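In what follows, chain A forms one complex with chain B and a second complex with chain C.
Coming up: the complex of A and B.
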């Protein structure tokens, strides 16, 4: 009883923090103290001061403003990417599980095909071939990302298909699409949300990693990974320009991972 | 103390290797702990405790052996993450490895090279998964098929 209560509290607290983080990533451009792309040769590599709270980088751009602008690209795009690949995976997995037969086989073989690539290796190649941009990096991550959700959705759809309430829905004359949307989707959504929540952290590191390699966000667009890459040559001269985005990535990933754990604990408690 | 720019010497490889290994070690530790706790809850462990078998014998001769298959699966599957991560780490420490090669060929628009990189890594990954599957038969003699 006490354990369940703790899981519930942890879930609510981490959910609140994640919602705050996403809101912050959307609203951050309104509160930025400086223009994130405005260069200023007078304040090149200047240490943290009251006017530049986290100092400036080698072009004299305010690091704090760039981190806030980077939140919009890093956090928001990874949340969007996870949701998008969850939707694609859910639809294809549900269709495969429901239809069965040849449709199921074709869809699952496509899944196996993408699963045989290591995710980051394919992402590096795809975004390298498509050319560097944040959208292309997201596509590259999503190409392999949806397979996880498709497999989970398919397994649960197949398990649900033989439940009495689905047979009852069929007897009532519900069409296939109606049963899928009204009866199966709400039951499949739970496990999928758990999977999505645990994937948030690794998606963010993936996008930041691609941007670090120069395959994601294009300069001068602010993104945490590319900020680390731009300033790492000057780490002895202005460590704040490297450490601030690195700490931002670290803290966000830790928050996302705690959130994933909390969601998993709470929803798996509910099932038993 | 340590070389930041990697070379073939031990101290040159230490930092790149550590930066790949430490995050992976954390993830694997959590999965191993969860596996061992699950196995430790089973009835036969309680039975052995009741018979007065020493804790370390239960842990190493029974619990550890029974979870070994799972542990090997986790380790083998995380090699895929290592391959992608090595590209980032190589560009960070300036290692002259396959990751630096693929980054150079992406900038040079040398697409066949990039395709070759993906093919090489994927074949490697698939072979490791195959070896993992085969290893189950050796770990658990009751299994007769893959």
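Coming up: the complex of A and C.
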């Protein structure tokens, strides 16, 4: 029971932190001390001070303000991308698992096609084709991101569709769609939510990575990856301009990963 | 020195005490049965002895010794017994002993090797012979789902005999099996003691099983040991009131469960099975599941179908419900072939109650939501428009007749007892008003008191609503005491 109680506490604490993080990313622009895009020649590469708590970058822009503006970009886009990938993957996986036969084979071969490419390599190629922007970076990440959810959803659907409660649902007259939505989806959602929670960190890192390569958010838009890219040449002059967004990425990824673990532990306790 | 000594054991789940002050001893070379109904705490005792790492109960007091070695003292665990070497475990679900997608041979190799025992086919075949399994080569090359429940269980016992644990723990090992297969498993378990010298600690709700195998019986009720003695002392001359009640609930030959049940000789024929045959292709071989089966069922009749595992009972139910079509012959409802019925007519006419009540409910939904779903689909077919609140009120009202309090509906299936879950399954079936109820071994997983309550409830339901019931069971005495008529199925 102590183990369950600890799992519950961990889940609530990490959920609270994630909610605060998402709220922060939404509300941060209201509390920024300075305009994140305002340049100031007098304060280029300034160290942290009472006026600029995290210093300034090579254009004299407030690093803290850009971190806060970047939170909205990085965190929000990661969360939205993961949710969209999960939904697409869930639908395709459930349909493949339920229908079986040729439908399953076609959908899974499409899945295999996307899985055969290393995710970042394909994302870079797609981003390169579409052009650099945050939306294109999200599309590039999403092109392969859905496949892991599809696999998980399909496997669970195949395991569930021969269960007695599905036979009971069929006997009660439930159509295929009804059974998928009312009976299969609630069972599949748990493992998918766990997968999504653990994917948040890698998705955020992926978007930051594309931005770092110049294939994501276009300057002067504040985004943590592009901030690292812009300031890395001046790392000896203004290390805070590189370290601050890097630490922001690190802390956020750690929070998301802990959240994913907590969700997994919580849901596995619920099922046993 | 005893093989197992449990003294003053107390186990809690959260703040709820599941076991209180349990004192149990197992002699070297002895067989002890811990007997009790669902929820009495007997499996909790077994799991506490086993010391599995994911065990959710908390030992709060008492001690456990294995051959004089303390593993729990004053509620604190000192040692985890080595699975396989110290303690062997066989559980209720025969298939759960093995990985479902790996052949038996690989699993034997892995288990023996992880216990430092060389893989020797001759020894394995010898163990198979001891438990009454022939064709060892086929068994080794099979996956668990390709073996019957009894074969799976005996294969698990054969593996245990090779591991030679110091004590063998068994949790309801025969409740999912028919009587003949139960006898084979009992013989195999006795051989564990006689030929390998392994003492047995058995948990069961089946008095017949306990009578056949145990030297001593401990009766458990609401977490406490209420009676203890030799098998004869406990079963022939019980002292405790609960033990007497348990023994009286066992179906006795010739004693009708509902003696006031009305006769239905003059009702019309409702269901006709005409020359139904069905075969399946397994690994290229054709296996005949049913061959030229014919019988009629009158409206409001309770017809029992009995037979061993593999006799074709469940296949027959699938033909009757229309889930599968027979290869030849007809299934007629009031003269209409089941294949010619519209889907809506079929859904309204026949409902099935499954053996595993827990598995027949969605595990993540509350039973209320599962039952409401069935009611909504039925209302949609009938063109009835009403709110969920009205449906729920009907559910609660009818549920009272089934002995189900309103608070139970908010629970998930895993938080109900076996008897409660089975009654919920029957409630879900009858709320849609079927003409025919198919019951597939619905009492096999229940203890005697819960099973008796369930069949009595079905009998009363039939008398009130005129519903027809087909009751599949491997318990001949139960079928004779409950059903109006019996049909026997066999493979010969």
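Criterion: the second predicted complex is superposed on the first by the 272 of 272 C-alpha atoms of A that agree within 3 Å, B and C clash if a C-alpha of one lies under 4 Å from a C-alpha of the other, contacts with A are read in each partner's own complex, and residues count from 1 in each chain.
Quick note on the criterion: a residue touches a chain if its C-beta (ideal position, glycine included) is under 8 Å from a C-beta of that chain, and two chains touch if they have at least 3 such contacts.
It should be emphasised that the depicted structure is a prediction, and the values quoted were computed from it without experimental measurement.
When the shared chain is aligned, chain C comes close enough to touch A:182, but chain B does not. Contacts of A:120 after superposition on the shared chain: chain B is touched, whereas chain C is not.
Residue contacts after overlaying the shared chain place A:190 against chain C, while chain B stays out of touching range. Within the superposed three-chain model, A:169 lies in touch with chain C and out of touch with chain B [touch as defined at top].
By the touch criterion stated above, A:236 is placed in contact with neither chain B nor chain C. Taken together, the two structures place no residue of chain A in contact with chain B in one case and with chain C in the other.
On chain B, the positions that touch chain A within their shared complex are 79-81, 83-85, 87-88, 91-92, 102-103, 106, 111, 114-115, 117-118, 121-122, 125-126. Residues 116-125, 128-129, 209, 212-213, 215, 232 of chain A are the ones that touch chain B when the two sit in their complex. For chain C in complex with chain A, the touching residues are 12-14, 54, 56, 58, 321, 323, 343-344, 347, 350-352, 354, 356, 359-365, 370, 373-374, 377-378, 381, 425, 428, 432. Contact residues of chain A toward chain C in the complex are 1, 4, 163-165, 167-174, 178, 182-183, 186-187, 190, 271-272.
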